[in-house]
Amino acid sequence: MSNVKKRLLKEKIAKVAMQLSGITITGSLFFIIGTILYKGLPYLSWEMISQAPKGGFYIGKEGGILNAILGSLYLATFSTMLATLIGIPISIFLNVYVKSGSFLERSCKLLFDVLFGIPSIVYGAIAFSIMVWMGIRASLLGGIITITLLTIPIVVRTIDELLKTIPIDLKHVTFSLGATRWELAKILLKYIKPGIFTAILLAFGRAIGDVAGVLLTTGFSDNLPKYVDEPAATLPLAIFFQLSSPIPEVQGRAYASALVLTFIILIIVICTHLLASKQQKHKI
Amino acid sequence: MYTSSSIQTAETQDLVNTSIPHIQIKDLNVTIEGKRILKNINLSIPNNSVTSIIGPSGCGKTTLLKTLNRLVDDTKGVEITGSVLVNGEDLYAKDAEVTHIRKKMGLLSQKPFPLPMSIFDNVAYGPRIHGEKNKKVLTQIVETQLRNVGLWEEVKDRLEASATRLSIGQQQRLCLARGLAVKPEIILGDESTSALDPVSTQTIENLLIALKQDYTIVLVTHILRQARRVSDYIIFVYNGEIIEFGKTDDVLLNPQNEITQQYVKGFIS
Amino acid sequence: MNWRLIKDKLIQRSFATMLALSLVVIILILAGLSFKSIPLLRAESLGAILTESVWSPLNGSFGFLPFIMGTIWVTFISLIIAAPLCILASAYLVEYASEALRRMVLPLVNVLAAIPPVLYGVWGVLFVVPFLSQYVAPIVGAETTGYTVFAGGIVLAVMIFPIMMSIMVEVLQTIPYELKAASLSLGATKWETIVKVILVKAKPGLIAAVVLGISRAFGETIAVLMVCGNIPQIPKSFFDAGYPLPALIANNFGEMMSIPLYDSALMFAALLLFVLIFGFNLISRLILNRLEGKS
């Protein structure tokens, strides 16, 4: 009998341990957001998000981080657009034009899976040295190209996951109406439309949050971004730079900037979630 | 077991009124990833009638159906030899154009798959991609085909509604209408009633019987009673080979082959 | 009719071109990195670069050992924190939790994945670093600023939670119900079933998840850079500062041009990262693909 009791006790302890692990993992999310909210909120002001840095901003004087917010939005928007325009055709090609199960399909998909894991610092490093070699200085364009390369695998993979969920019979039925592969592709795209937005948002989130890729390629500037061939500020970099300042006021702004970035990310996450539930409903 | 030549002769006796059968299969072999799925298939499917392919699951009956419109091409590791002639034209000829071939064959799949668009657009989809732009003509086609499948009265007031809102039985009839709208010559059904309730099943069955006046219909089914209800001819497939082919009553009531007898009596499934 | 087919062919060509181009980029990256690393490899042998511990670019000595060890330390610490937590939590979610709880927790884990690295870094600076220096270090009698490999490991652990969790949950869900039923019907408790049957059966998938976690931790740059201290030394304990490879690249790229071989050394660091992570990812994806094919 005591053996059984011991086993049941073990079961109970294990269950508690598992619950605690789960709470730690999900709790860390709230903890991180909470910390940033707690530290950043006192420093957040309208001036912060509506103005570019003025003279002496980095020693605690007036100005804001509008340059970085705009820079990040431009960077993320353009690179996401490019990545979508390149990534969706690649996904379509691999799922519609290439015979399913073929070596080409499997190896390409594997490659994009692997590329998904390559850190942005590697992309940044190689882009930087190419730019140096070609005599191009750090600029918004350099950042856009680097981040596009970084986000293409995300788009390809997400769209691929979506296309996988479409029953093969839909493909067959459309073919049997005499549709060409491109006409089938259009039907499939229509079918996964909400999911495409999810993919775009995912890529956008990754693009707007990346530091290592832009650190070397985009540079930094106190001016509002106007031209693509000039350096531009980005929000994550602004956070990074301000945080390394010894002046408390500037550090506070780093927390507030982090809060702004958190808000942007949370908006993206919520939109993604809403779209995802829409995609679920659409399924047959 | 019938040899290929005896199938041919048994066949031609019944087909005095038609010159060439729509579908002729000659020495067809299908291998998928090294496994022989269909072995030496020789067959002429009679025009303007319903032919059911029956057989235990995994015997190759669906593959046989899919070779008819070359959807089998899409399978991983597939190799096909032999020929399938539709109106004398070889589907597997090197210069054969697949979309053109497929247009001739309407497919009614296991579950209804309405396209993600309105009821109207579903039916109009085929004619549209084949170049019909005239709104009047399209409206005419949609009405005719929806009437053909007995759906017109039920949906005429909500043609712009999403097709996914229809009941599953209605959806299957819509899919049939959509297939008919591209003016196929042949209708292929892949267990087309397996997802439907008995009433919808009966509707579809009656539709198929009515449609055989204008079309050649080939069905895959694993329900023997359904095969008896709707078909004029039956092909019994076992292990990738055609074991028996003949008129429905002959095959079901008086099977020549021992395996067919066992299958019909329910000993193998 | 013909136009449709031509259009179809044209689109096929252009899509194939896009695919080819994006694959070429990878080859370009690899070629570029290798090409740039050549000068360093000419000056010193590969063995020497990887095992020497003196890093002094001005004197021309490029020993990568401190950085390799820094990376290994933070990765190792993050793993011993994250792997057990993730295994326990995902086992709970799959075996015990209700559908409703699962549906609530998994999206939250995905939110964790969406948080940019720099915010993890901010959190590390605001919480982990002071917490370590004020509360944890005194307990073990160590004196530290808190900017340590330990801090890096903790931040990284939280960062790799999502990827490990989501894959582990997926892997555990593929374990057939019959297997669990067989164990339970022999009188095993749920926990015994998890340890002796489910986790054993799921081992390859779990390993793949851990390896993906490792490669994520390996390449993470900014968050680690913010909390690790960045001193080029070989860490001896949890409370020593370290200097992982990605941080080395990020910190020094700006000034590399003026010092001979410096850029080659940094490119070599990037190449090292690329090859290692590519390898790690490839292995784990192959394992996962095989598992997916089986189920």
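As written, the chain order gives the labels A, B and C, with residue 1 at the start of each chain.
Assume contacts are C-beta pairs under 8 Å (C-beta built on N, C-alpha and C of every residue); 3 or more make two chains touch, one makes a residue touch a chain.
Per UniProt, the chains are A = ABC transporter permease subunit; B = Phosphate ABC transporter ATP-binding protein.
All values derive from a computational prediction rather than experimental measurement.
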(request) Please give the pair of chains with the highest number of C-beta contact pairs. (result) A-C
(request) Pick the chain whose C-alpha centre of mass, unweighted, sits closest to the average of all protein C-alpha coordinates shown. (result) A
(message) Measuring centre to centre with CA averages, how many angstrom lie between chain B and chain C?
(response) 52
(request) Please report how many Å separate the Cα centroid of chain A from that of chain C, as a whole number. (result) 17
(message) Using mean CA coordinates as chain centres, what's the gap between chain A and chain B in Å?
(response) 47
(message) Quick check: what residues of chain B touch more than one other chain, meaning two or more?
(response) 99-100, 129-130
(request) Mark out which residues of chain C touch at least two other chains, giving numbers and ranges. (result) 4-5
(request) Quick one: which residues in chain A touch 2 or more of the other chains? (result) 180, 183
(request) Sort out for me which residues of chain C touch chain B in the complex. (result) 1, 4-5
(message) Which residues of chain A touch chain B once you look at their complex with the stated criterion?
(response) 99-102, 167-180, 183, 187, 190-191, 193, 282, 284
(message) Which stretch or stretches of chain A touch chain C in the complex?
(response) 7-8, 10-11, 14-15, 17-19, 21-22, 24-26, 28-29, 31-33, 35-36, 39, 86, 89-90, 92-94, 97, 106, 108, 110-111, 113-126, 128-130, 132, 149, 152, 180-183, 185, 202, 205, 208-212, 215-216, 236, 239-240, 243, 254-255, 258, 261-262, 265-266, 268-269, 272-273
(message) Quick check on the complex: what are the chain B residues that touch chain A?
(response) 66, 69, 71, 73-77, 98-100, 102-103, 105-107, 109-111, 113-117, 125-126, 129-130, 164, 175, 178-179, 182, 188
(request) Please name which positions on chain C make contact with chain A in the complex. (result) 4-5, 7-8, 11-12, 14-16, 18-19, 22-23, 25-26, 28-29, 32-33, 36, 84-86, 88-89, 91-93, 96-97, 105, 107-112, 114-123, 125-127, 158, 161, 165, 189-192, 194, 212, 215-216, 218-222, 226, 246, 249-250, 253-254, 257, 263, 266-267, 270, 273-274, 277-278, 280-282, 285-286, 289
